[in-house]
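What follows is a set of structures to go through.
After this come two complexes, each holding chain A, first together with chain B and then together with chain C.
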Partner chain A sequence: MATVVMTSLDSKSRAASRGLSDIKIRNLFIIPTILFLIVFNIFPLIYSLGYSFTDFRASTNAPANFVGLQNYRELLNDPFIWSNFAITAKYVIVSVAGQVVVGFGTAMLLNRDIPFKGLLTTLLLLPMMLSMAVVGLFWKLLYDPSFGIINYALGLGSFEWLANPDMALYAVAITDIWMWSPFVMLLSLAGLSAVPKHLYEAAAIDRAGPLYTFFRITLPLVAPILMIAIIFRTMEAFKTFDLAYILTSQPTTEVISIRLYKMAFQEWQTGRSCALAYIVLIMVLAITNIYVKYLNKVKER
Partner chain B sequence: MRKTVAGLMAGIGFMFACGTPAQSQELTIFWAEWDPANYLQELVNEYEAETGVKVTVETTPWADFQTKAFTEFNAKGSAYDMVVGDSQWIGAASEAGHYVDLTEFFNKHKLTEVMAPATVKYYAEYPANSGKYWSIPAEGDAVGWSYRKDWFEDPKEMEAFKAKYGYDLAPPKDWKQLRDIAEFFHRPDQKRYGIAIYTDNSYDGLVMGVENAIFSFGGELGDYSTYKVDGIINSEKNVKALETYRELYGFTPPGWAKSFFVENNQAITENLAAMSMNYFAFFPALVNEASNPNAKVTGFFANPAGPDGHQYAALGGQGISIVSYSENKEEAMKFLEWFIKDETQKRWAELGGYTASAKVLESEEFQNATPYNKAFYETMFKVKDFWATPEYAELLIQMNQRIYPYVTAGQGTAKEALDALAEDWNATFKKYGRH
Partner chain C sequence: MAAVQTRSERALNRVAIAAVLAITLIFLAPIYWITSTALKPRNLATTIPPTVIFEPEISPFVKLFTKRSQLRGAPAPEEYAAAPWWERLVFDGGEKVVRSGRGEVQLSGYPNRFMNSLIVAITSTVLAVGMGTFTAYGFSRFKMKGEADLLFFILSTRMLPPVVVAIPMFLMYRVVGLNDTHWGLIILYTAFNLSFSVWLMKGFIDEIPKEYEEAALVDGYTRLEAFFKIVLPEAATGIAATAVFCFITAWNEYAFALIMTNRRAQTAPPFIPSQVGSGLPDWTVIAAGTFLFLLPVAIFTFLLRNHLLRGMSFGAIRK
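And now, the complex of A and B:
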C-alpha cells in the first residue's frame, strides 16, 4: 500500500514538474499552428498555383479556363517584365551592398570603448523601428527640390532626386540603406563582440597591422553572421514595394512587386499575376539557396 | 414559470419581427474619400429625415478605391448597396454582372433628357450607343484650370507680357496662350513657376492631363465602337498635343513628376504656379480662405481650345450604381428615385455636389453660385472620356508606361511613344477579341 501511494505521489510530482504533457502541447500549440499554416499558407499557395495555369480574371464572373503554360511563356517573353526584374536586381545590389558597408562600418566604430555607447546604439536603431510608409513620406519631404533639407545641406540647389529617372532608384535605395543599416549593424555588433580578444592580443604581439587583423581575424569570424544579415536583407529588398511605391512613380523604380501588384489588383489579371508570383518565388528561392550554400562554406572554414 | 417562458418567447419573437424591417431601412453607398462624398452624406441625411431610411456614405482613399470596390464585387459581397464608381469602370462592372441594369429605370424617368448628354454617355451607358444604362449620373466633373488673378492683373506683368508676346495677359483662350503664359511666369530663381499639370502615372492622373491636350488638339484615343486605334492614338494631332504637354512640363515646379489633384491645388495655395490644372471637384478648397490663403485672388477658366478651335476637356466624375449583390436593391431603387428629383438635384448642387441635371446646370442660380460654376457648366457640355471597356485598366497602365518617360524625362519622341502605345493597345484588344 505504501508503495502504491509513493508511486502515485511520484507521478503527480513528475507531471507538476513537467508542466504540460507532450500530448497537451501537441494539441494546444502544434496542431492549431499546422492547421493555420495549411489554411492560410499552403492552401492559397496551391490554389494560386492552379490559377497560374488559367486565364482567370477576378474582376469578372467568367470561369477560369486552363491555358497551360501560356501565362509563364508570355511573362518570360515580355520585355517589360524583364526590365522590372533588372530594376529589382539593381536595387537589391545597391541597397544590400550599401547596408552592409554602412551597417558593418558603424558596428566597427561602436565596437570599442566610447562614451554613451548604449544610448548611441539605441538611437541608431530607431530608423528600422519606423513604419515603411512613414519613412517613405518623411524622405519624400527630405528629397523635395524646393524645400527638402538634403539639397540644402549638400548645396545641390533644386536637384531632382525622385523626378529624375536616372536618380530615383538610387534615392529609394538610399532611403532603404538609412532604414535597414541598423539591422546589419546590430547583427555585426553581435558577431564582433563574440570574436575572442586573445586573437587580437596575439596579432598585436606579432605586430600585425590593422588591415591584416581585419581581413584575417575580424572579417572571417564575423562573416557567418554577416551572411545571415545579407540573406535577410536580400529577401526583403527583392520584395520591396512600399518605399518605391510611396517615394516615386518612375518607370525606372517599378520593381517586380509593384508590377505584380498592378497586374493583380489594378488590371485584375489574376491568373497571369499568379504565374508572375511563382516566377518571383522561384527566383527568391534560388538566390537564397545560393546564399545558404555559401554561408555553409563560410561556416566550415 | 410558464408565464415567464411565454413572455420571454414573445419578447424574442417581437425582436425578430422588428429586426428584419429595421435592417432593410439602412443603405450604404461606397465612394472615394473627398469633399463631394461629404456633401453626399449631408444630402442623404435629408433623405433619412424624410423617409427614416438611414443612408451611410462609406469612403476610402482614392488610391484604394478601385481595388477595394472590385475586391468586394469579386467576392459578391453585399457590404455596399450602391457605389459611386468611376466612369471607366462601367464596362468591367456591367459585363461582370456587378451592376444592376438600370435601363428600365432610366427610360421610365427619361433621364437621357433630364441629365446633361455627356454625363449620360460617359457615366451611364455601356456599350457606347447601346441604349443600356448602368448608373445614374451623380457627380459631374471635368478638368478645368485655376490661376492667380493677382499675378495676371499686376500692371508690370501685363506690360512685360504684352511687350514679349504681343497680346494682353489674360486667362488663355487656346493652348498656345497657355504655353506662353506658363513660360512667362516660369521663374525658378524667384521660386515661381509657370504651370502645374497632372503627372502622376499611378492611376489616371497623367492620362487625364494628356487627354485635355489630345481632345482639344482635335485628336481621339481611338474609335470606341470598332476598337481601331492605329492612326488615331498616334495621329499627327495627338503627337503635337503630347509634345505641347511635354513642353508645359518644363514650366512646372521642380519635382513635379508625381503630381495629381493634391499637389495641383498646393501649387496655388503655396504660391508655386501661375496656373494649375485640376478637377472642378477640388476647386471648393481653392475658394475657401481656410484652405487657400490666396482664395480672393484665385480665378478659374475652362480648358482652352486647341490650334484648330476644338475645345474639349477630360471627364472626371462618377455615376451611382446599384450593386448586384446588395440585399436592399428595392430600397436602393427608391433612393435613386428620390435622388433624381429636380429639387434633390438642386439641393445637391447647393451643398457643393456637381449635379449632372441639365436643368440645374443651365440655371443662372447655379452658374453664379461659385466663381468656377460657369466654367464647369461650359466644360460639362464638351467633355470626352477614356476607354470604358472591361480591360480599361490595362489600357491605362500601357498608356502610362509609354507616355510617362517621354513627358517627364524626354525619353524618345512623342511619335515613338504613341506608335508604341498603338501597338500595345492593338495587342490588348486582340487578346480580348475586340477585333
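And now, the complex of A and C:
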C-alpha cells in the first residue's frame, strides 16, 4: 500500500517537474486576472479619490486645486443630494417589494402541478434578459398618454404616467418590477422545490391549515434564498441608471446614479462628482457586506 | 402529492393554472407589442383603439437600415419604376431612400451600431470567459492563503455602480486615447464580466472530480496538459453557459457605452433611444430596431434555459 502511494506521489512530482510546478501554474492562472481587476477597478478608484479632494473640472484645462474635504462637506450638507438619496430609497423599496410579491407569488403558483411548467418558466425569464435601456424605450411607447397600450388596456383615457411628477417614479418601478420579478421567481422556485415533501405530508396528517403550513413550513425554509434575491435586487435597484434615465426626466425620478451622471458629464464638476461617487461607493460596500454575509449563511446550511 | 387529490385540491390547481397563464401573457404582452409594432405600416402604429389585425409589412426594417428623407410630393413615375421593390415600400410611406451621387444607397447609423455591439460583446466575452476559466481552475484546485478574501475582492468589483467607475475611467481613457474606441469598451466589459465568469466557472470546475486530473498526472501528463485535455472538455457546457451570460451583459450595457462612446464605437443601447428625439418619432422603425436588438438574447435565453438558474444565483443554490 505504502509503495503504491509512494509511486503515485513520485510520478506526480516527476510529471510536475517536467512541466510547470503547481504553484507556478496557480500564479500564472490567477495573477493576471487579479492584476487586470486592480488596474481597471481599483486603480481608477484611487485615481478618483485624489480628484475628490480637488475642484477639478474635466471640461476646462485649468489645473486642479486641492480643496481638502470641502467637496464632501458641501455634498453632505446639500439637501438636494439627500433628496436624491431619498428618491433612490423610495424607488428601491417600491420596486423590490413589488418584485417580491409578484415573483414569489408566481413561484408559489408554478410550484403546483402546472402543465408546460418548463416552457412557462422560460417565457417568464425573457424580460430580465433584455437591455434596460431598450426596455425603457419601448415602455415609453406603452406608457404614452394618447396612444399607449397600457392606458387603453386599463381604460385610463389619457392618464399621464411619465410626465406626472407624482406618478413617474412608480412608472419606472412598474417597469423594473416587470423586468426583475422573474429573477425573484426563479430563486423562489429553486427554494420551494428544495422544501422536503414529507414536511407537507406530516402537516397534512396533523390537519394543519394552509396558512399554518405556509407560515410555519414554506416561508421559513424559502426565506434564506428569498433573502438573497432581495439583497441582490436591492443592490441593483440602488445602482439604477438606464431605466430611469431613458423613461423620464422628472426631478422626482432623479435617483443618485442620474445625479452623479449629470454632475460628472453635464455640469462637468469632476472633483465634486468623484466625492459623491465615493459616498455612493461606501453605501454600496455596506450593502455588499450584508449580501456576502447572507450568502455564506445560506451556503452553510 | 399529485397522487391523492381531493376535489377542492383539483379546483385550486385549475385556478393556479389559469393564474399562471394570465401572468405569463401579461409579462409577454410588451414584447409582443413591440414585435407587432415593428411589422406595422406607420399610420397604424399609434392608433387608438390599437390595431391588432393588419397586413404585416417589412418597411420598418427597410427604413431602419437606410437613410431617408421626406418626400414633398409623389415620386416621379420613372423614379418609382426604376426603384427596387423594397425602396418602393419607403416611397409608399411618403419618404425616399437617400442615394449618393453615384446612386449608392446610404445606410443609416443602425447597421454600424449593431456591428459595434457585436464586436464589443463578442471580444469581451471571449476575454472574460478565457481569463475567468483559468482563474477559476486556479482557485478550485490549489489552496492558498487569503483565498476567500481574493474571491470576495473579485466579486466586489462587480458591485460598483457603473457610473462610479465611469468617471475615473473616462478621465484615464482621455489620457491614453481610448475614448470612443472598441477597445475602450471591450476592456471595461471584460473587467465587469470577469468577476462573474470566475465565480460561475469555479462552480462548474468544483464539480469536476479531482481524480480525473490526478489519474492523468499519474499517466505522465503535466498539469497544463491535464487542464487542457481533461478539465476543459469536462467544463465545456459550463463555459458555454458562462459565455452566453457574459455576452448578454455586454450586449445590454448602457451607462459605459453612453459615457465612453459617441460616434465611431457607439453600441446600439445608447443609439436606439437617441433616435426618438423630439417631434413625432416613427415608432415602427424604433420597434424594428428594438426587435432586432432583442432577438439574439431571446434566442440565447431559449437555448440556455436549463443553465439559467445556476448562473443567476451565483452558485448559491446547489441541487
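As a working rule, the second predicted complex is superposed on the first by the 261 of 301 C-alpha atoms of A that agree within 3 Å, B and C clash if a C-alpha of one lies under 4 Å from a C-alpha of the other, contacts with A are read in each partner's own complex, and residues count from 1 in each chain.
In this section, contacts are C-beta pairs under 8 Å (C-beta built on N, C-alpha and C of every residue); 3 or more make two chains touch, one makes a residue touch a chain.
Every value quoted in this text rests on a predicted model; they were computed, and no experiment measured them.
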{"item": "Combined model on chain A: chain C and chain B, fit or clash", "value": "clash"}
{"item": "Greater residue coverage of chain A in the superposed arrangement, chain B or chain C", "value": "C"}
{"item": "Contacts of A:Ala58 with chain B and chain C, given as first, second, both or neither", "value": "both"}
{"item": "First, second, both or neither for A:Leu110, with chain B first and chain C second", "value": "second"}
{"item": "First, second, both or neither for A:Val134, with chain B first and chain C second", "value": "second"}
{"item": "Contacts of A:Pro165 with chain B and chain C, given as first, second, both or neither", "value": "first"}
{"item": "Partner chain(s) touched by A:Ile149 [first = chain B, second = chain C, both, neither]", "value": "second"}
{"item": "Which of chain B and chain C A:Gln269 touches, first, second, both or neither", "value": "first"}
{"item": "Touched partner set for A:Val101, first chain B, second chain C, both or neither", "value": "neither"}
{"item": "Segment of chain B that clashes with chain C, given the candidates 127-135, 289-297 or 307-315", "value": "289-297"}
{"item": "On chain A, positions contacted by chain B and by chain C", "value": "58, 144, 146, 265"}
{"item": "Interfacial residue positions of chain C with respect to chain A in the complex", "value": "1-2, 12-13, 16-17, 19-21, 23-24, 27-31, 33-34, 37, 46-50, 131-132, 134-135, 137-139, 141-142, 144, 150, 152-157, 159-172, 174, 187-188, 190-191, 194-195, 198, 214, 217-218, 220-225, 227, 248, 251-255, 259, 268-270, 272-273, 276, 283, 286-287, 290, 293-294, 297-298, 300-302, 305, 308-309, 312-314, 316-317, 319"}
{"item": "Chain A residues within the chain C interface of the complex", "value": "8, 11-12, 14-16, 18-20, 22-23, 25-30, 32-34, 36-37, 40-42, 44-45, 47-48, 51, 58, 102, 106, 109-110, 112-115, 118, 120-127, 129-134, 136-142, 144, 146-147, 149, 152, 178, 181-183, 186-187, 190-191, 194, 197, 200-201, 225, 228, 235, 238-239, 241-242, 246, 257, 260-261, 264-265, 270, 273-274, 277, 280-281, 284-285, 287-288, 291-292, 295, 298-299"}
{"item": "Interface residues, chain A side, partner chain B - complex", "value": "58-62, 80, 143-146, 158, 160-165, 248-251, 262, 265-269"}
{"item": "Chain A partner contacts - residues on chain B that touch it in the complex", "value": "66-67, 70-71, 73-74, 92, 95-97, 188, 191, 200-203, 253-258, 272, 390-391, 393-394, 396-397, 401, 404-405, 408-409, 411"}
